[in-house]
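For reference, the structures are reproduced in the following blocks.
Both complexes below contain subunit A, partnered by subunit B and then by subunit C.
Showing the complex of A and B:
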């Protein structure tokens, strides 16, 4: 943490130059993007009266939060096909607390994330020693385990799931209403949109800071060569666990809000296909870029939605485009920028 | 008891054959073939068309399945995996490609054959009844024996043919094999074709018993992954062991926990995770494959 502050301070202190200009450019860009998605997009949607887009964009925002987690595990050199398990756990934790115990949704949201993080520490401790396909396969199996456990355990109500989750209530601190009761709003979709997009922006801001901090560089060293990193004194076990826990935390948050929006959660809400999609989002956007998963989720989700009009050829066209993209840009959509620079 | 073991052996022979193809592709190219289950389904549908609809002999249909899938596998390797592996920074990128191919094959199968469950006439009639201890239809026995014969033929081919030796060398050390004059590209292509062919053959064999529908590709892939993980990725003997172990576990589990529904698979999956945490490389795999 200390070093993180230092690097921040030094970049501000440096009067000369390009790094300062680049930093301020990035800040301006991020603020513009935030203003765009929080103010301009709702205005456009209201103008065009396409209310359904709120739901679509909310889904994109939530899925990209979960994908950001997967991306972080890619960053430490692990292929994570188990994010759907944590999304499912997060959804169930929030749903059970809200429905069976009457806890406020706003308390269950961080609890869902923390539960996932704690579980991921216990799961991760043994399996993070695995690499490559081995890790990928175990996490894939873990997705199935989570789904089957949801089917078998009594607390999750089995296959019928939990289908009567109320909308989030008001969030009040010392009598001050921070977030109004979603039931009193005339458009709860808009409220969910703002909530999800805010969390998405926050998540990617933190992710960017994390990757560019001291810990981010250490994580990158894990991706390059774990033995070498370990030999220089990097605590690789600890770093892997922390990265995996953060990843699972994000998965749990995404799943919990998803359960709140659809007001239901079933064992099949998040399955192996979702785990694979989270991974594809990261690949498609580009594994080398923090914003890769966000772009990948957006393109994948909207591409799939947009192709709906092609009817039975939807999957055929979708997969052909994916294959073509892989052939042209095997390092992700964002790599097109670097590619342009070189030539 | 005898019935459970017989069921386990029969299932295991099929599973081992599926896992063999997957592990071969993994050993040669370090590619996790997500589309393996879809190749299995495609093989099943080829047999369905030729044997079930055109009425040609079963053997002809099986050979047609094998040839079709070998051709599909070879083309996928040459035109898709080879360029992507060459251009990509991280070798995991092949996983996106494999997943996209799985979607693509799913879509093609759905468009060509529809989503109905398809079955074919039995290849043999009658049931073996050994003192009510083992009751098994003759066609299952025939399919089980055929599967074991194909496994044996595959092992002999890998052990004693020139192609087999080249592929084993490639699996051991790609660079060293290349230095010794093994044509890496050519044998990667042959290996991928054989792997896909094995998936197609199992599809053709099993369509006579369980039938086939366009949705089972994904679940088959996951089962194949599990078998490969149990035995150790990229090891032929491991894939066979994994196949038989999973077949046996399913057979025993389904008879012991028959009253509890899906608990069998929960237990299998959970114990697999514990097993892999203790022995990450599986039964016979080399660490970090």
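Showing the complex of A and C:
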């Protein structure tokens, strides 16, 4: 299960002039993409009156945030099949604070992420020294542990979960309303869409910065060779923990918004299958590309939905296609772009 | 020359086997000291103990009076003792230049998050490391392959890259693991010059090696291990004439084995 890796083209920037042009091209591309998802997509949805797409695309955005976290753990050379645990924890933290303590959703959102980050430090400290399939197995089990804990703990209300979570209220700072109360909106699905997509854009922007900064190169050096990284003086334990905490933070954020949209959270809201999907999203998009998990989530989510028409063959076709893709494109969908460049 | 590193009664046991048994010697500042010995003599284990990748069963390693054995490897590196590895141990999917740049880690002024946020320190670090990497690549004749993926490099250049990584850490003591293994004569001589170039920059070099010709040529002093024990220590002439060394390498006269 080696992680073959094609380095991102950006790291090769050698002549200063062309890299400047490439940078401005990237900025333009990012702005166009932001305009597309924030303005054009809602216009198209409203035009076609396909309101259900809001929910679908919101899910894709949130799942891709959580997947970005998994991708970061891949980037330090760890196969993470435990992200659903953090999504679940994030969902519960937000739900409990909103329902039982009357805290504003907008405060619970960062708290959900931070709680996950703190928990991940305690979980990561013993398990991050494991590699390969051993780390993968432990994280897989951790997903199940989180679900069991949600069933057993009194604070999570056991199997009945937490239902009837109110929609997010207004976010006001110094009397200035930054985000209106979702209850007063005609279309809360649109509001959730904008919220999730904005966070997704922010998340991937940060992730791009991280990966292309020296911090990202240090993370990548861990994936390449931990022994050597350690011998050149990198505190590998600390760096692994930081990466894992960021990863879990993103899982918690995704889970918290999910709970707010579905207005409920149950022990089974995020299960092992979700953990595996988060990982597959990364594989599918490409482990060598920051934007890989975003594309992977999109294709996987819609691919699965689209195959619904094949009835009982859905899973069979789906998994066959996935296996075929991994064989043909071991570096993910985005590696197609690289082939084009080479020829 | 004063002592920079002293190895004191170092012992490492794996189960019932003494991989390194009560080994003591000192390394003087700015010398090239080679550790030689037949296969399985404990050379690699000794290196791992000095760089603290392994903890000793007993004994200790002192760096200018400060105990470094038992510390985490990255702390030992921070104190100036850096181990480079055999050729397979590089950052394979980075370019040659990136390998050397990343190895400047110990000279970082910015924090991890400073790099993420692009603080002033981070920007000056990145600029400095780039320049320094270019200098090192030129010194080791790697500038022509600076933007190649490290995994595409030929054998000899990989070894040079390993040394470049070591240099980039700004180590005071560099541990080189078999820098001449698998090289032909010409490549070996070029690498010998490289290692001497490293020493001329003020670095103390400790190396483990099989290639006797290179060891004899390059070393100020030699330490010989056999079955985990130190059997000799001295200049190359002394070592070449040492009976126990000859015995260890050529075998004992047949009557004493009892054949």
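Rule of thumb we're sticking to: the second predicted complex is superposed on the first by the 326 of 343 C-alpha atoms of A that agree within 3 Å, B and C clash if a C-alpha of one lies under 4 Å from a C-alpha of the other, contacts with A are read in each partner's own complex, and residues count from 1 in each chain.
Criterion: a residue touches a chain if its C-beta (ideal position, glycine included) is under 8 Å from a C-beta of that chain, and two chains touch if they have at least 3 such contacts.
The model shown is predicted, which means the values in this text are computed figures rather than measured ones.
Judged by the touch definition given at the top, the superposed model places A:276 against subunit B, while subunit C stays out of reach. By the document's definition of touching, of the two partners only subunit C reaches A:224; subunit B does not.
In the superposition on chain A, A:242 contacts subunit C only, with no contact to subunit B. Of the two partner chains, neither subunit B nor subunit C is touched by A:56. In the superposition on chain A, A:213 makes contact with subunit C only, while subunit B stays out of contact range.
Shared-chain residue A:137: touches subunit B; no touch with subunit C.
Legend: residue contacts after superposition of the two complexes on their common chain; A:233 is shown touching subunit C, with no touch to subunit B. When the two complexes are overlaid, the chain among subunit B and subunit C that reaches more residues of subunit A is B. If you check the complex, the residues on subunit B that touch subunit A are 26, 32, 34, 80, 83-84, 87-90, 92-93, 95-97, 99-101, 103-104, 106-108, 110-111, 218, 222, 225-226, 228-229, 233, 260-263, 265-266, 269-270, 272-273, 276-278, 280-281, 288-289.
For subunit A in complex with subunit C, the touching residues are 5-7, 11-12, 14, 209-210, 213-215, 217-218, 220-221, 224-225, 227-228, 230-237, 239, 242. Residue ranges of subunit C in contact with subunit A, taken from their complex: 51, 53, 72-74, 77-78, 82-85, 89-95, 98, 101-103, 105-106, 108, 110, 112-113, 115-116, 118, 122, 125-126, 147, 149, 165, 168-169.
Interface of subunit A with subunit B (complex): residues 74, 79, 126-127, 129-134, 136-138, 140-142, 144-145, 148-149, 151-152, 272-273, 276, 279-280, 283-284, 287-288, 312-313, 315-316, 318-320, 322-323, 326-327, 330-331.
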